[in-house]
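Please go over the structures that come below.
After this come two complexes, each holding chain A, first together with chain B and then together with chain C.
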Partner chain A sequence: MTTFKRVSVVVILVIFLVLVPLLFRDSQYVLHVFIMCSQLSIVSLTVRVVFTVGELSFGQVVFVMAGAYASAILSTKMGLPFWISLPLSGLVSAAFATLIGRPILRLRGTYFSILTVILTEVARQGIRSLKFLGGPQGFHGIPRPESIHIGKFILVPEFNTTDRLPYYFVIAFLLTITLLVLWRLEKSPTGAVFRATRQNAAVAESLGINVTRYRILALSISAFFAGLVGSFSAHYITIFYPETFSLWNSIDYVLYAFIGGIEYLWGPIVGSFALTWLWEYLGPSAQYRMVLFAVLVIAVILFFPGGFLSLVKSMQSLRIVLRKVLPKRGD
Partner chain B sequence: MGEFAQIVINGLIIGLSYVMLSLGITLTFSIRRVINIAHADIYMLGGFMAYFGSQFGINYFLVLMAALVVLGCLGAVLDTLLFRRVRDKGPAGPMVLSLGLMYLIEGVALLAFGEKVKGVPSVFKGVIHIGSISFGVERLIVMGISLLLITGLFLFLGRVKWGQAMRALAQDPEAAYLQGIDINRMSMLCFALGFSLAGAAGVLLTPLFYVGYAVGSTLIFKCFMVLVIGGLGSVLGCLVGGLLLGLIEAFVVAYVPGQLAVLIMFALILVILLVRPQGLMGRGELT
Partner chain C sequence: MHLLEVTGLTKRFGGLVAIANLDFNVEKGVILGIIGPNGAGKTTLYNLITGFIKPTGGKVLFKGKDITRLSANRRASIGLVRNFQTTGLFNEMTCLESMMVAHHLSRKTWIPAQLFKSAGFRKEDRRIRENADEILSYMGMEGLKDIVVKNLPHGHLRALGVALALAANPELLLLDEPVTGMNETETENMIEKIKGIRAERGITTLVVEHHMSAIMGLSDRIMVINFGKKIADGIPRDVVQNRDVIEAYLGVQKERDNGSVSKKL
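Let's look at the complex of A and B:
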């Protein structure tokens, strides 16, 4: 990591964690959009985690759903505070991924992707017909996160309906953590194994790597973070139905990741933020939104498969070339 | 008894339309190694052709022929413009590309035809009575034409040189190149055939059901189920999977109430996934 990169990452994090809340402290709308962006970014990042082992998953919404339901049950039926049910629902989601990963990860490529599409529908319909999971009515009245006191010292303030700022801090913190963990993962030996299984599973296997286990591991890691988002969104909107978690959300996660640049760690984040703000700018009634989205996706795949970020990279390399070609100042 | 026969007929009709749609997906997959998610939207385009055909009073069979030709050409064009360019780049990119294509077609359809679903009045009136069983003539004709088209495709793949070339490409592309088979031409033909079938299905079935801009995205999901039941890349699997899914749907919907029906269907799919994740007919060559 170069110094330039280090500095820019720190700058982005400072903007995200300090400047945005300071500037938009009074605009609930802007905060809300930022909260949505951050949630999308995390799930979009989990699409990328599965992609590092070479699979395209349209099933991430299932893990979000698992997290949301786990959190709703833990907090409404068992009375656990949000701060405990948040990590627990991530774990529940990861456990679920491990369970279903075994059969579905036996298949690869296109077949796996098709299975994940079907999985989203199976899961949604299954939950619709299960009474103890709320059925078609879903859950409502999920408690808001509790405040945390240590003696007189207030660590976390009261969450209420009128102020979204505490929520913003929670999701911004989650996004930062996710980014850090995934960055470390990528640099770790496990990350190297993930890439090896993607490039050539047969060679990886011949080196004594249990490819299936690593594939399941990748799916479980992705499910963990998706589950966290599910839990957060359950406590943020406090009400959800099985239809909240549709295949279209899942497809959006994939498309945002690709538009941002799925080969880059920052790609899904860039894609989610850029497109969410674009949709907000266009307004909800824009019927041509779908066409615009389609054109963007097709253009990205055909003309710059690396996504938005690859454009930035190529501009950087253009600058380097120009610097070498152009005469230095003072010559 | 009459009710039973009715359910079988309904199941077969729906099943045959699934077969027609997923045959195209299978064909194009076997050559380009890409699942064209936008495929079911061609059904929607065919449906709108039927709708406008009946609005302007054009002969039904003429519309059917027009759908076969026009949408077939569209397939060849889209293959050349889009899918050829992402060949050999792994499955993910092309899949996302076809997703984009789906959004494009549906988005344009939304702008052009509006949000409302449209019905088409039935073309053939009348009922045939055999003993206590009665069939609508229209359903029988739809079934007959579907069967004819599917048989035609099977004959093409089995007997005609180009069809055999397609199968060769699916089995072993390298060996097929060495025999002088042009993959680009074959792929165009494949897309054309697949789109023709899908469009024909749209024209045939819209008088029985309805058409709207988003009909494709519900259907593509059914196609995926067919592919998973039958096995991806197997033409025979398409036939078995499509008919099976159609029949199961018809029976479950008729005999099991509402929500439970959906659950039972998904439970069946789940069992197949767990026992034979590669599908009933396995993953194999294009026969």
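Let's look at the complex of A and C:
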């Protein structure tokens, strides 16, 4: 990794883990927006994970839903503390993905994507008719995360209805972990197998790679992190029902990932943060949001399909070229 | 026991019979050339043997085991590997990265070890990297390991295809038109490499090719396929003089042309 990259990652971490909390400690509004950005970022990242094996999933919200429901049940019906139900929900979501992965990945490409669109609705209807999954009323009164202290030393503070700061740290931490794991995954041989599957599945297969199994693995990994977000969300808003999750969420995750630049690890994060803040900035003219969104998507497709980060990359390349081409000072 | 036994192999695509009741065997250590006019079914045969399509009838036995129902990647894991004639490779990766992926079957470590880069993982990774370098050198590509595959010239691209197959540690290697599109020098080099693969690594090889002198120079035995049927099987010298073979390639000849045609072949 170049020094520039190392430094910029550290800078970003410092900004989000130190500066933002310090500066906006009292602005519940700003904290809330950042929490939303972080949640969106993580799930958009999961879209990218699936994209690494060559599939475009418009159904990530299903895994968020799985995590939310798992966490709600584990907390309200089994009394588990949030800190336990959080990772468990991720695992439940991943297990769910492994279960449905094999049948749904029998379709490929466009057909798979269409199937994922339908998946959300199917999941919603299924849940609506199951009593123990809360039925149409969903869950309410989901407990807030518990504080953890050893004697008088407070490891984790109280979570209450008035202060969002603890929640901010939790989701910032989750985003950091997600980034770290996905970054390491990409550099690992498994990440290389994912890319090989996308670039030439037939050759991969001929070299002994079980392409289907790796696609399911990618889906499960994406589901794990989406499930974590679902769990967090359940304990953050404390109420949800089937309609809380919709296809529009899935579409957002995909679009934010592409607008930021799906080929880059930071792309989905850039997209999520940039667009969420853009919508907030527009505030009163929110009715034009859909129009602006559509224009933005079309602009990306036509002029910079690689997303925002591809523009950054172009500027870097341009700088390198200019440096070589332009005469140096003193000539 | 033959390394590969194909019995009664048949493949129908709707009304079209691509392979019709094909029988042949391959003994260990042999280089078998497979030739036939375009559309004869050679690539279909490869797809059937390596598990990329399922047969309509018949059996494939590898090392004595029935692999007819086995998936393609499982066949690779037991030593049955192929290369591809037409599709590209891993275009966005470098040669070395592609080779690392090709060593997939050699990896014993799972995701946790890979993510935390355990000592076991690092040792394995180093071993694989060394093996990758060795194979790339053998195929004459030492300086190219950091070149992105889509930028490779055609000759090196085909060589990489063979290199990838070698990385999968095959016992039986199926080469699909390895010298197609190559110039004289590249073709000669490839032929030497293929001979070396058998000589130094003991790998049994099937070679589908159109380049006649390459096939004649390489093969211990040649099998000729036309319209999905085997029309000849024997040593090169006999096969080229076979009447049916000559007819298949050139159509029915008048008697007086036979001598000169077989000289060309």
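Some observations on this one:
Convention: the second predicted complex is superposed on the first by the 327 of 331 C-alpha atoms of A that agree within 3 Å, B and C clash if a C-alpha of one lies under 4 Å from a C-alpha of the other, contacts with A are read in each partner's own complex, and residues count from 1 in each chain.
As a working rule, contacts are C-beta pairs under 8 Å (C-beta built on N, C-alpha and C of every residue); 3 or more make two chains touch, one makes a residue touch a chain.
Please read all numbers here as calculations on a predicted model, not as lab measurements.
Of the two partner chains placed by superposition, only chain B is touched by A:109; chain C is not.
Once the two complexes are laid over each other on the shared chain, residue contacts for A:196 go to chain C alone; chain B is not touched.
Of the two partner chains placed by the overlay, neither chain B nor chain C lies in contact with A:161. In the superposed pair of complexes, A:2 makes contact with neither chain B nor chain C.
In the superposed pair of complexes, A:209 makes contact with chain C only, with no contact to chain B.
Contacts of A:317 after superposition: neither chain B nor chain C is touched. Set side by side, chain B and chain C differ in how many residues of chain A they touch, and the one touching more is B.
In the overlay built on the shared chain, the residue A:188 is in contact with chain C alone; chain B does not reach it. Of the two partner chains, chain B is the only one touched by A:291; chain C is not.
Overlaid on A, the two complexes show chain B and chain C touching no common residue of chain A. In the complex of the two chains, the chain A residues touching chain C come out as 181, 184-185, 188-190, 192-193, 195-196, 199-200, 202-211. Across the complex, chain A is touched by residues 29, 33-35, 82, 85-86, 89-97, 99-104, 106-108, 110-111, 221, 224-225, 227-228, 232, 259-260, 262-263, 266, 269-270, 273-274, 277-278, 283 of chain B.
By the touch rule above, chain A contacts chain B in their complex via residues 51, 54, 56, 103-104, 106-107, 109-111, 113-115, 117-118, 121-122, 125-126, 128-129, 136, 247, 251, 254-255, 258, 262, 287-291, 293-298, 301-302, 305.
Taken in their complex, chain C has these residues touching chain A: 50, 52, 71-74, 76-77, 81-84, 87-93, 97-98, 100-102, 104-105, 107, 109, 111, 114-115, 125, 164-165, 167-168.
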